[in-house]
Amino acid sequence: MTQNPISPTIPLDGPGKTHGFLRLPYSRNDSAWGSVMIPMTVIANGQGPTALLTGGNHGDEYEGPIALQHLAYEIDPAEISGRIIILPYMNYPAVRAGTRVSPIDQVNMNRAFPGKPDGTVSQKIANYINDVLVPLADVVLDYHSGGKTLDFLPYAAAHYLDDADQQAACVAAVRAFGAPYSMMMREIDAVGMFDTAVESQGKVFVTTELGGGGTATARSAEIAIRGAQNVLRHVGILPGGIELEGGSRMLDMPDDVCFHFATRDGLLHPLADLGDQVRKDQAIAKIWPLDRTGAAPVEVTAHRDGILAARHFPGLVQAGDCLAVIATI
Amino acid sequence: MTQNPISPTIPLDGPGKTHGFLRLPYSRNDSAWGSVMIPMTVIANGQGPTALLTGGNHGDEYEGPIALQHLAYEIDPAEISGRIIILPYMNYPAVRAGTRVSPIDQVNMNRAFPGKPDGTVSQKIANYINDVLVPLADVVLDYHSGGKTLDFLPYAAAHYLDDADQQAACVAAVRAFGAPYSMMMREIDAVGMFDTAVESQGKVFVTTELGGGGTATARSAEIAIRGAQNVLRHVGILPGGIELEGGSRMLDMPDDVCFHFATRDGLLHPLADLGDQVRKDQAIAKIWPLDRTGAAPVEVTAHRDGILAARHFPGLVQAGDCLAVIATI
Amino acid sequence: MTQNPISPTIPLDGPGKTHGFLRLPYSRNDSAWGSVMIPMTVIANGQGPTALLTGGNHGDEYEGPIALQHLAYEIDPAEISGRIIILPYMNYPAVRAGTRVSPIDQVNMNRAFPGKPDGTVSQKIANYINDVLVPLADVVLDYHSGGKTLDFLPYAAAHYLDDADQQAACVAAVRAFGAPYSMMMREIDAVGMFDTAVESQGKVFVTTELGGGGTATARSAEIAIRGAQNVLRHVGILPGGIELEGGSRMLDMPDDVCFHFATRDGLLHPLADLGDQVRKDQAIAKIWPLDRTGAAPVEVTAHRDGILAARHFPGLVQAGDCLAVIATI
Amino acid sequence: MTQNPISPTIPLDGPGKTHGFLRLPYSRNDSAWGSVMIPMTVIANGQGPTALLTGGNHGDEYEGPIALQHLAYEIDPAEISGRIIILPYMNYPAVRAGTRVSPIDQVNMNRAFPGKPDGTVSQKIANYINDVLVPLADVVLDYHSGGKTLDFLPYAAAHYLDDADQQAACVAAVRAFGAPYSMMMREIDAVGMFDTAVESQGKVFVTTELGGGGTATARSAEIAIRGAQNVLRHVGILPGGIELEGGSRMLDMPDDVCFHFATRDGLLHPLADLGDQVRKDQAIAKIWPLDRTGAAPVEVTAHRDGILAARHFPGLVQAGDCLAVIATI
Amino acid sequence: MTQNPISPTIPLDGPGKTHGFLRLPYSRNDSAWGSVMIPMTVIANGQGPTALLTGGNHGDEYEGPIALQHLAYEIDPAEISGRIIILPYMNYPAVRAGTRVSPIDQVNMNRAFPGKPDGTVSQKIANYINDVLVPLADVVLDYHSGGKTLDFLPYAAAHYLDDADQQAACVAAVRAFGAPYSMMMREIDAVGMFDTAVESQGKVFVTTELGGGGTATARSAEIAIRGAQNVLRHVGILPGGIELEGGSRMLDMPDDVCFHFATRDGLLHPLADLGDQVRKDQAIAKIWPLDRTGAAPVEVTAHRDGILAARHFPGLVQAGDCLAVIATI
Amino acid sequence: MTQNPISPTIPLDGPGKTHGFLRLPYSRNDSAWGSVMIPMTVIANGQGPTALLTGGNHGDEYEGPIALQHLAYEIDPAEISGRIIILPYMNYPAVRAGTRVSPIDQVNMNRAFPGKPDGTVSQKIANYINDVLVPLADVVLDYHSGGKTLDFLPYAAAHYLDDADQQAACVAAVRAFGAPYSMMMREIDAVGMFDTAVESQGKVFVTTELGGGGTATARSAEIAIRGAQNVLRHVGILPGGIELEGGSRMLDMPDDVCFHFATRDGLLHPLADLGDQVRKDQAIAKIWPLDRTGAAPVEVTAHRDGILAARHFPGLVQAGDCLAVIATI
């Protein structure tokens, strides 16, 4: 059995607050003895549970990295009970490139778990997180947003799980997060997801979608920061009660009928925006051709009643792209 | 004097509605006798002025192309008096690539006017528009948005001009457009702009910024469509009165103090959103480092009181990027 | 066992003629929830066998795609007995790029069978065809040509098989195809080929080489169309007798001596053309250097008597390229 | 006035046969003090005219380079009277890359004349040829073929010129070349062509189109070699009479009606081949879509009666590509 | 079990001196029936051991290729007893590209052993060498240098091995090589190395580091040539005694403390050179920022006393790069 | 006349030490309102001359940037009399890319002077330096080294100038610099050089070549730092006398015979090193082929007696590369 070549440059068990790296040796044309240096912060104090907070699973999603840089810098170790391990940039090469998948191996980290100790760069990172960091944690919060090509209503989410107690604990943590929307998800294709890897180790797991388009706003960054603080309060690592900014609306994506795909390449003309209520058969978008004027657009209509919860972000669309997700309420 | 090699595949003077192309021969590795085919629609009927409607001056700005595809398809020639020339994709190679500048020659078309008949592809297109299409027009509406790297409050705009009558006519057309915001602009660096080229020919000119991020929304597309219809009604090409959806708030960018630049590369943490009122010295953004945790962020503070009218869009920022524009009211 | 994520957007069993796609979810930087949409037509009517007709196994070979677009459009379901499944663009990403192998994973689809349900894009496509479509078929016709770097005399071909009955059925189908040349082939390195995958399922299989250079001609397109019609008539899916345009000359490539390789990079100066009779030791090509004049060329001579059946197409040649194949008659 | 930095490594005036280079200093990232070394042969003996023979004006056209490597190697200086200057690879960087235009500056050398001594690499080469080599010549033969994206019937050609005597001399040289077809051409857009640059210096000029597709055949190479020998015999540099292989058929491209352009991207389905007689309104090609099956193809019909003299070569076509040229006879 | 598709174009057992290739069929976009042609020389005469001499394991290390081209050309088969198999360019595609890893599959050949017969190009080459060539050898000499990103003091090296006799034989060969420095190495991460593959077959193995920076000097080339001659004399293939140019200084890298890594990107300011004696805590380098002036540099200090034996070569450094190796004496 | 859009973010006239940027607005796909931020330090105190110190004219030459970062950080404004303007990274985009020429416009900045205010990025930078900074200076020191593809003996240099007084002043400054070697140069092709631009403004100018290969050593960095300090002492900006580390040997490159070019691509086998004395006709390098073994190398011999002063650095060489410069003493 090959050993994972990643080593941390700081101790994983504190005490106090230390900032360092996961160092992964990576030999390549521009550095024969180079490394990938994945920033990490460990904050530890007294007795209490361990939270693993991760961002940058996809490299073009920014609410997580912002919130985690903020928390790594601002949290005073004296105020916590337990341990917080912070990885704002999980797929570090992708974060530096501003891309969903790693520019080194083209791997989507969220389909690479449990990883391989002798695999590609992304697979090694996934494997180290899976085998070393997740086992240390009681609760894992992994931030996602839509990235450069999708946009979402802001929500935290839990999965339907076989273990009712574990599911209940996850749902409670999602509620504590306190995003404007909350979602229960049934993953059809859960193979390789970080979510699945964490849940299969019996941990409390919270994931999010907090916006998208490859940007963050003051508001979405605030939701992300307060959400993590709330989860940390919920599990007793931070003191005090959770702080909610109004209620969290429940959403549901019960089946594949929610998803609307493009059948043509073209220029996307949206007819409904995120959060809009739509009715079955209502036109929600047109696709205009890119090579001529005067041709009829393709019209995309809603498969069901509901609320527009996610949408294709770029102005151009390719056949096969998911254009819209209509959630039920 | 070299002749511009571009030729239209349809007559420029109607009558009725015809859809065709500006054909520009372009010899290259993958097509020795290829062409750039720039879609164009001409709608002509009866007596009346000529409007030139253009989008895709930058290839990653979508409200204009959407509105112009919609109008080219929907306008009934029988209902107009005069002529409408529609070019939804001015910098066609950039539009197909989804990029600000042309992938062929890296030219920013809005700094390429009046163009060159024997220049690069972008310069030839600019030259044909400048020398052939603009002279035919009485009014020119050129759509812009923020593109993939900027985001704007939605506004139409006119320039301060030496000719008071021309300026008044432009302002009247901007008001007719009816965007949520309106802007008077004093261009410092007007060399090469389409705006300048049109205004120097004595035409009525309206430009816009209608959003950004490389996407369009149902709402921004609607503003774009209604704005063009209003301008066409204003000049008498379309019948009926202009339709406004509430008032248009006036903005001003009086000087360079409005612009806020990044001095470091990093992760952009916005502290104010578009439309927010900000006070001088208020922190409007932080920049976190991309290579470590635990380091203090750079804080960017407002140079003046005002409203956040434009912002850097991507989650990552490079030193020298304009982070924010604070307009006065 | 992972399930193949590909799903058809149309039923595979008709009735009538339907056009749709094999949809393969493909998450990537430019579309987080994107898909590869592989066009497919199913024509079904009454009782009869099933034919699977495939093109675009290599993305730069055009006779197959042309013939299959033509047949998908022209065949009247009322006239057939049985079912025709048409995939003109098997390696769809390669077809769109005009390249032999897929631009996504650099995989040569004809060495990727039986594929993997959890592999790369090409491996998933191969696996779906192998596991779902081939089992439905009685006869499979897979079109090849030389692509951008080889040129062939036009032929249909069958392999020497262990099962004499299966081989006889294949040969009969090749004869029915009616190309100007016919070929019996003994594959040395059959691992991963679609041919092998189909034959190992006991199906009747016809493959072709119908020209090359990354182009098609009116004549080669006609051979391809008529060949498929003849095979469909031969198996009783289309009515009527097979139509031949003159005889089909038998070719043989008995061993490796047929293949002639370049030992230098350079400029290829052919001394014999496709279809020419050559004699052992006759010079069939020279290679001139690319970096100087006045140097002696390398001369390539025929290893045996025969007919020039295939040749390197591009004007430049690299050491190791197959320059010529001399078939025996 | 800047001086052209190119210098020959061999004398331009012989005597005898010498092989060398035009050396152009070219500082770049991978060689700060590098050069472009353009191979050249000079053969000089006794009294007589000077012929300049050039190939590789476009880097993906191979009959010229083959013929000129052959002649540079085979011609015995003792047998000639006068001088032959041979440049098989004019746009040397393009020839090495196998591309039409230079990979260094993206310049089409045949639109770069008379060049610039302080321009880009291609412009410097064009300028040296224009200012130094052409003035030495009495007759210039410049080889072209269709390159990777066009295919032509094999012809030599002369232009209609203002100077009747010069035109007659050119036509006589074209006839001497003895290609299967001969063409009189009226260049509309002659700006920047090598042809124009040579003719404006009062020289006898022959150009050719001898095939295409980015390949050469034994037959097209033979036409190219014999053609140059014939021209050299015609002007008295080589002894003996010209050798014709059957007559040369005259073609004419009287106007723009000869050219047929694609209006859609797609898969090209040719319905007529080079040399075929076609009638006005006859379908000569279909274009099938690349993104679906079952859609009607676009049909391209002949604008006039005539013979198919040139065609688009690649199997895929882009809107704006010239699909076919129908010559009159 | 798949068979390795590589075949030699010359016999591996002589007699005399023959030059040829290992031919690896490699189908790709620019040559459907192309090959990788790896140059090889076999020299055989009389009775005696077999030496396998390899260079180009990494494609940007030049002392080995130079020495092996020299020896392949200069050695007279009559003077040897036994056999010499010479592969100057093991990772041939990387050598042609001047890169550490293969441009085809991005594989570091020295982590690809024992290879795979059905793997990527590099894996197939590694497998052929492992399965066919190494078993033929008694002694293997594999040349390394620092490549484009590292620079080394010139040394030959042996590994600590479990088999004391084998280790002694290796050490004797290293001493015979006679480089200015000699090194005993304990590989921590030996998985996939050619070294390990050879040693595990019980062979005598010598490796080297002879300089770096992606260049060779007259002096380093001389060391490389004389070293191989000495090893061949040592095992009796070449006659005569070994020739030393002064003593060889022993170096040791006992543990990970020798390695010094950068923690910031920036401009590398070295404060000690190769061969310099340094003391623990002495500053050996500074890293200046690339985006500003006036900021304090990061200072790198020595972890131990010793001699600077290896260093990062390029002027720019990335976080995680190995900056320096301090060996003990 | 267009105005140069570059503006400094700090005053150019002090007093004290300030660190800032030259800001050049640069609109591009990844930042519509982006800038190039060129780091600059101004140190001013009391009365005295102005020195302009520049590095990074070529982006892969490191002694200048190191010395200038060091001086910008270390110099105490209180100790100087006059002003020092420091630009360590003139061609900033090239420095960030580690390339000789700018990745933005492929411009060699040292052939771009006097620049263009409306040109490309490099031309704008050159123009600002030429029109704004050079006029402020009395003495200009511009650092060069060999970059990634050349290696030099370390020298400072002056040009032969028409103005004898100016030349004498330059020579005196070169001597003050105190590099191990000093050089008088006669530029043949001085068009566009920074050197020429500075000298034509009547300034004292010192240039250097201080090593190469795209690296710096402790020793070369020390020469660079001490050289600038010496020049500043020489002109009275820094107090104290110049410090020499041994004598400076005079070199001369009297004519083009000094330069030795490669006529083949291949593997460079050096037979002499920098600083070696060589004799006319002595072999100084061999070039081995990259595509085979067993072929005779091309041998390069010295054109004259002298000392090897510069050499091609990379292990691979292309035809036309300068392999070696032999200086006379």
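We call the chains A, B, C, D, E and F, going by the order they appear; numbering starts again at 1 in every chain.
Keep in mind that, in the parts below, contacts are C-beta pairs under 8 Å (C-beta built on N, C-alpha and C of every residue); 3 or more make two chains touch, one makes a residue touch a chain.
Owing to the predicted nature of the structure, the values given are computational and were not obtained by experimental measurement.
Student: When you check each chain against chain B and chain C, which touch both of them?
Tutor: A, D, E, F
Student: Interface check for copies chain A and chain E. Shared numbers divided by all numbers used: above half gives same, below half gives different; which is it?
Tutor: Answer different: the two copies use largely distinct residue numbers here.
Student: Between chain B and chain F, two copies of one chain sequence, what rotation angle (nearest 5 degrees) aligns their Cα atoms?
Tutor: That pair's rotation angle lands at 120 degrees.
Student: Taking C-D as the reference interface, identify its repeat among E-F, B-F or B-E, namely the pair sharing over half of the contact pairs by residue number.
Tutor: More than half of the contact pairs of C-D reappear in E-F.
Student: Using mean C-alpha positions as chain centres, tell me how far chain A is from chain F in Å, no decimals.
Tutor: 49
Student: Counting only Cα atoms for the centres, state how far chain B is from chain D in Å.
Tutor: The mean C-alpha positions of chain B and chain D differ by 43 Å.
Student: Counting only Cα atoms for the centres, state how far chain A is from chain B in Å.
Tutor: Using C-alpha averages as centres, the distance is 34 Å.
Student: Two-or-more-chain contact residues of chain D, please, as numbers and ranges.
Tutor: Touching at least two other chains: 21, 37, 60, 291, 314, 319.
Student: Who touches whom among the chains?
Tutor: Final set of chain pairs in contact is A-B, A-C, A-D, A-E, B-D, B-E, B-F, C-D, C-E, C-F, D-F, E-F.
Student: Going by the contact rule at the top, pick out the chain C residues touching chain D in the complex.
Tutor: Those residues of chain C that touch chain D are 17, 19, 21, 37, 39-41, 60-62, 65-66, 68-70, 72-73, 86, 88-89, 95-96, 98, 151, 213-219, 221, 267-273, 276, 288-297, 313-316.
Student: What does chain D use to touch chain A in their complex?
Tutor: 264-265, 291, 319
Student: Within their complex, state which residues of chain D touch chain B.
Tutor: 58, 60, 99-101, 108, 111, 146-150, 189, 191, 261, 263, 312, 314, 318-322
Student: Looking at the complex, which residues from chain E come into contact with chain C?
Tutor: 2, 5, 21, 23, 25-37, 118
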